[in-house]
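Look at the two complexes coming up: chain A is in both, with chain B in one and chain C in the other.
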Partner chain A sequence: MEAKRKSAHQLAREIGNGQNTARRLTEEGLKRCKNLNASLNTFTFIAENEALEQAKRVDKMIAAGEELPLAGVPLAVKDDFCCSGLPASLGSAAFKNFVSPYSAAAVEALLEAGCVLIGKTNLDDMGMGSSTLSSPFGPSLNPWSTEYAAGSAGAAAVSSGQCLLSLESDTGGALRLGASHCGIFGLRPTPGRISRYGLSAFSSSFSQAGIAAANPEDIGVALEVLSGFDERDVSTVLCRELPQEKEKDIDPGTITIGVWDGDGDRQSSANRDLISQTGEKFRQGDFKISEISLELFQETLRAYYIVAFAEASSNLSRYDGIRFGEAAAARNLDELYEQSRRCTFGKEARRRSIFGTVLLGKDRFEPYYRQALKIRRLFQEEMARVFKQCDLLLLPVVKNLAPLIGREAGFIDQYEEDYYTAPISLAGLPALSLPAGTIENMPVGLQLVGPPLADDLILKVAAGIAEGLSIPPIAVRPGRDS
Partner chain B sequence: MDMAELEKAIGTIKIAVSDTEKEELLAGLKDFLRWLEPVKKIDTANVEPAFFSHGAVNILREDRSEKADISTLRRAAPDFDEGFYRVPPVID
Partner chain C sequence: MDYEVVIGLEVHVELKTESKLFCSCPNCFVPEPNVNTCPVCLGFPGTLPRLNREAVKLALTASLALNCRIALRSWFDRKNYFYPDIPKGYQISQFYEPIGSRGSLTIEDDLGRPKVIRIGRVHMEEDAGKLIHSPTGDASLVDYNRAGVPLVEIVTEPDLRTPGDARRYLEKLKIILQYAGVSDCKMEEGSLRCDANISLRPSGSETLGSKTELKNMNSFKAVEKSLEHEIKRQRAILKSGKEVISQTLRWEEESQKTIVMRGKLQAHDYRCFADCDLAPIELTAEEVEEARAALPEMAEARAERFVHDYKLPDYDALMLTSSRGLADYFESCLEFYNNPKNVSNWIMGELSARLNSAGIEIESCSFGPEHMAELLRMIDENLISGKIAKDVLEKAFYSGKMPRRIVEEDGLLQISDQSELEGIIEKVIKENPDSVGNYRRGKTKAIGFLVGQVMKETRGKANPKLVNELLVKKIGFK
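What follows is the complex of A and B.
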């Protein structure tokens, strides 16, 4: 497939000037998806007919002289976003036959910009997790080595060249961890940059739409398409604060990258080496480097999980078999609720909704839930102080390599994998996972984090050193590259 | 943390859980609460809780009707009859 070796914005330009057609690329892309999906289990649904129809529309619009910034770009969409006329499993076997009557705002925007939706990607049980190991459709495998989980199926789709852009959700770090595990770029934007209308969010204050791609420039084009006020998602009011003028080219000499090389024993030596090597690349790119210390970071993961579980217990209550979800056979109303939720939730979703309810109980509300919200405030204040010392902050994404298939860790160990990502969600900051190197032949990323609304600066700075990163942006496995 | 408190939570959110899973959940919940203990030790005196990532404001929008395609709505529901969604009885 030609598309996998070109960036999305280059490809859109070629289609725009008549050197290529969306139809041709879509046909080739679908063939590749069908071949790879059989071994990687990336997609819950491949939208073959719809993709060919959309490609035809794009070619017609281009022929009519329309300019589309993402013309013909193959797009994957995580299966917790609604797409009109397509299945939306939301990560539950109970929804596998549900066909959405409308599209998420982000999906609409990307299709209007010319993207061709290739399919819906796999996800954990009700979107809860960052491995795909708890998916009712089985785990998605990592294109770099199928012994490992993909982390994010959308990241695997980009990494293996099944698409060039993936619309993702990120709550505690699924997008950033997946991007790291698959060797690509993944942006969790500032909450409010992208409308969440049509995204099934299990955690109202954390779940966020994000973008995965093989380079930061493509993410920048997609973010421009996606960003904006949407009256259907109140959080997007933040976009009214965005400067009208686009940020000009950056001058590295005026930008300080803060480097946090971890907190004692928790930081692996491999992560420390990656930070040091990547810091050096920033230095070579004329950026200033400054050592930063973070005091509260260690306890923020726990605070994140308290708030996320409490919000999940509330958000998941709508799946009662009446408003949402299949109604189970039952003798009375209570049994209908109980059995319908039983059919809808997997083990992890049951655990989170029950534990969240316990944390919101009378005796635990103050010492856990409100305490966690206060820690969030303290951490936001600490990060605001950090961004007075530096413009952006470089820190690890992962504690370990991607989970091995068939060796599922205990649930608390799984939560600990979000150690570097969930605190950033708690503070409401934008973060980009960028490929930084390999450990044991598997890709590992780092996070570039900024203050609220620094998304564009993060992407420009990442683009400034992207060529110097030590792993190829797209994994192409010999013998698998059809 | 005991089984009575766990069962109260399960009853509150109304979800069917087998006795074996309840035992497993109770053990897991005890571990989870132990894992959370350090959170309680952080000094948060005089700190206001942050319910949102950023300051939240409410945006009101105009009520307006939109035309929906009935066949699309029908496909989205398990039971649809004469322009209405049919749901199980909600009054016992």
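What follows is the complex of A and C.
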């Protein structure tokens, strides 16, 4: 009953050489998505017509002899990316009927490479969170067990076989946590490798486009397609520094994997076990292992949230009911702002807007915002020193298993879920969440982090030990209650 | 008690770029609303700003022209506030580190003495859209054509002391920025906007009095008038022992009065912080020096050169350099026709009169330097008289035709043929025996009247010098 999972690059090759057609695959895929979506609530919108159109276009191009690296690969896109002509809810009920007039750079690139966009995936309130529990459209369920939240709907889509690639955003860790909760791979690349143009970001400093897939090779192919200079996003000038020639193979003997498990009592024994098991795998694969200690790590989650709140309060200001967001009937301008923002935002978006407004105010700017930026700089410096001792760093990604449906934690506890992921965002480093094992029959991953632009190295190293790591079942397992 | 007036000006100037500050929408005025817009300047979700380097260049030029120190590293901040004319809920501006600071501009005070006005900062920012309120008051509309247009804001220190100072500062600023090619600086069209801060304090006092902010002046004259009005108002309040309320006032052109626009001026907390969607603006010392070297010759230097190189009187040089367009026009004429004083006379006389009555700028005038040169050459060659030339200029001014063509088409060539003129002269002598008699009795002035009669007969086409000669020969003492 478990369908065999093909990798995206294999599938693209099959379509490329005529063994399969995008159209047949898309028709089957859409059927499957509609079925699974009914139980998992993965998508906010399934783009049936557009997907079939694109599949036909891809088949035609293949027939015309064109080479497409991702021909016919079914793609899910998180609903905070804009796609021309498709609805983009951005995680707000008020945007249910908003249709974007333009496409995100990353979406454009993937479609050009032959991907078939199946649908837009569910997300937390204005993209704020890593559970989908705060989504105005209800939570997305975890295919491993429907008692649990997906964490990331895109990761659930990959895990349950609704698509092979998922384009996602990662601010404080949504993509990496979701990948861990669903037992797949998720890369948050170095900021600047993938254009953010068209991603509705609540944090300009931290929100990045990333990719989730069932294996590191697929992520590599997608990164190759997505990475590059885009004049619409100034941060992508970084891509001009990328070496033209890429190393084909790596020599494990020359690579040192740093391992960090020095966070004392805060680290769960489960994480400690996973780290040591995975470290052992690296050792068996001839990689060098080195223990690393981090000093500032504990200070960084707060710094991350201060900056993220501040930016959220500003980035969300445009949803004021004048042009975007729910236009409420009001007697005057202030009332209009108040009413429409109340309708547009859920609890979490409101909370972060208010926190951010307070933190940027003149009494708190210096002691909080400026201090947070200082911690960021110091932590970046510390991480730069770490990467003189090792090439990549292995550390936990989650603090807990995927959240249980219907048992939403308090907001402070939810922020704590980003304990291992947000600091990496703060430092501006690339990180891959990779499956490492299961606890209580639920998947748990680890994070492989590198210095800026180490994305390709991370993917290659992960591929070196991926055998036996990728464990995602395609079938959906109902929760015990259902 | 006498009071000292303290004035500071905040001037917003639209930069003359092809496109907007953060997107490729054209930077030009169009009457239809919301035409020059795109997802970026409308603040669509997911869009990112992209800095227009041309705007940075112009801001750098403006800063250098105003003797500012240049920040080699500056950046954009977000100024957060809610208002419907800003699409993103924040304005992108330079708050913490302006591109230019600590500059100066020298004006003449009321007594004609030079006076240095310090310029605190020159910073870049994006313009807002325009709100249009329905006359019935039940709706407001927003036009985002102007949203994202690049501006520099130029802020003086409180160094101005009289409304005249303020006007002269603005006039000088306009000339400098026009010369530098930074902006059109047309206050009537909104490409230069000015807010004034004004307070009074007892003479000799060092502390500033409480100030008011004046807005909505749409000409230099209005700035001067509104300040005069505000000085009177504040002086009356202070004399009566009351305190001036710190507030924003709006100048009403129709009634020539200020009205309260916003209550108490409170320091609004804009929660400014660096905009991470944009990279910092990095300039090298070489780039700055290049821009400094490329600064165009400013008005004063050019006037001096005109006096020295073209032997023009000071007055002519001053008038011709009062705008860059006029000075450029003058020098272009000289490329075709090398008689500086003659060109100067005609620009300052006839051409200026035409420009004024048509209400257009020299840049958009269809009577170009080639037209002027051809016209003046025809006078020199005795092909037309000065009087006819004025008519030709007017015709060419409106039609854009070359002067020679107008002269030919309208048969205005000067009559310098002696035989043709002799018949007309005979006729005039016959018809005006009294004047002839007067002349012969020694009233030499009578000859002027007779010349005039000949000119009338020929509809101005006769060569007046030749007519004069012929008349004297005919009726002179034998």
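As a working rule, the second predicted complex is superposed on the first by the 462 of 482 C-alpha atoms of A that agree within 3 Å, B and C clash if a C-alpha of one lies under 4 Å from a C-alpha of the other, contacts with A are read in each partner's own complex, and residues count from 1 in each chain.
The rule is simple: a residue touches a chain if its C-beta (ideal position, glycine included) is under 8 Å from a C-beta of that chain, and two chains touch if they have at least 3 such contacts.
It should be emphasised that the depicted structure is a prediction, and the values quoted were computed from it without experimental measurement.
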item	value
Partner chain in contact with A:L378 - chain B first, chain C second, else both or neither	first
Chain B versus chain C as contact partner of A:L90, first or second or both or neither	second
First, second, both or neither for A:R13, with chain B first and chain C second	neither
A:R57 touches, of chain B and chain C: first, second, both or neither?	neither
Contacts of A:T357 with chain B and chain C, given as first, second, both or neither	both
A:S313 touches, of chain B and chain C: first, second, both or neither?	both
First (chain B), second (chain C), both or neither touched by A:R283	neither
First, second, both or neither for A:L199, with chain B first and chain C second	second
Chain C-contacting residues of chain A that also contact chain B	98, 100-101, 205, 231-232, 234-235, 237, 313, 316-317, 320, 322, 333, 337, 357, 361
Parts of chain A lying in touch with chain C, wherever the complex brings them together	80-82, 88, 90, 98, 100-102, 104, 196-201, 204-205, 231-235, 237, 310-311, 313-314, 316-320, 322-324, 333, 337, 357, 360-362, 365, 369
In the complex, chain C residues that touch chain A	39, 42-48, 50-51, 78, 80, 82, 84, 87-90, 142, 269, 271-273, 275-279
Chain A partner contacts - residues on chain B that touch it in the complex	1, 5-6, 8-10, 12-17, 21, 25, 28-29, 31-32, 35-36, 38-40, 42, 44, 47-54, 56-59, 61, 68-69, 72-73, 75-76, 78, 87-92
For the chain A and chain B complex, residues of the former touching the latter	84-85, 98-101, 191-192, 205-206, 231-232, 234-235, 237-238, 296, 299, 302-303, 305-306, 313, 316-317, 320-322, 326-327, 330, 332-339, 341-342, 345, 350-351, 353-355, 357-358, 361, 367-368, 370-378, 380, 411-412, 427-428, 452
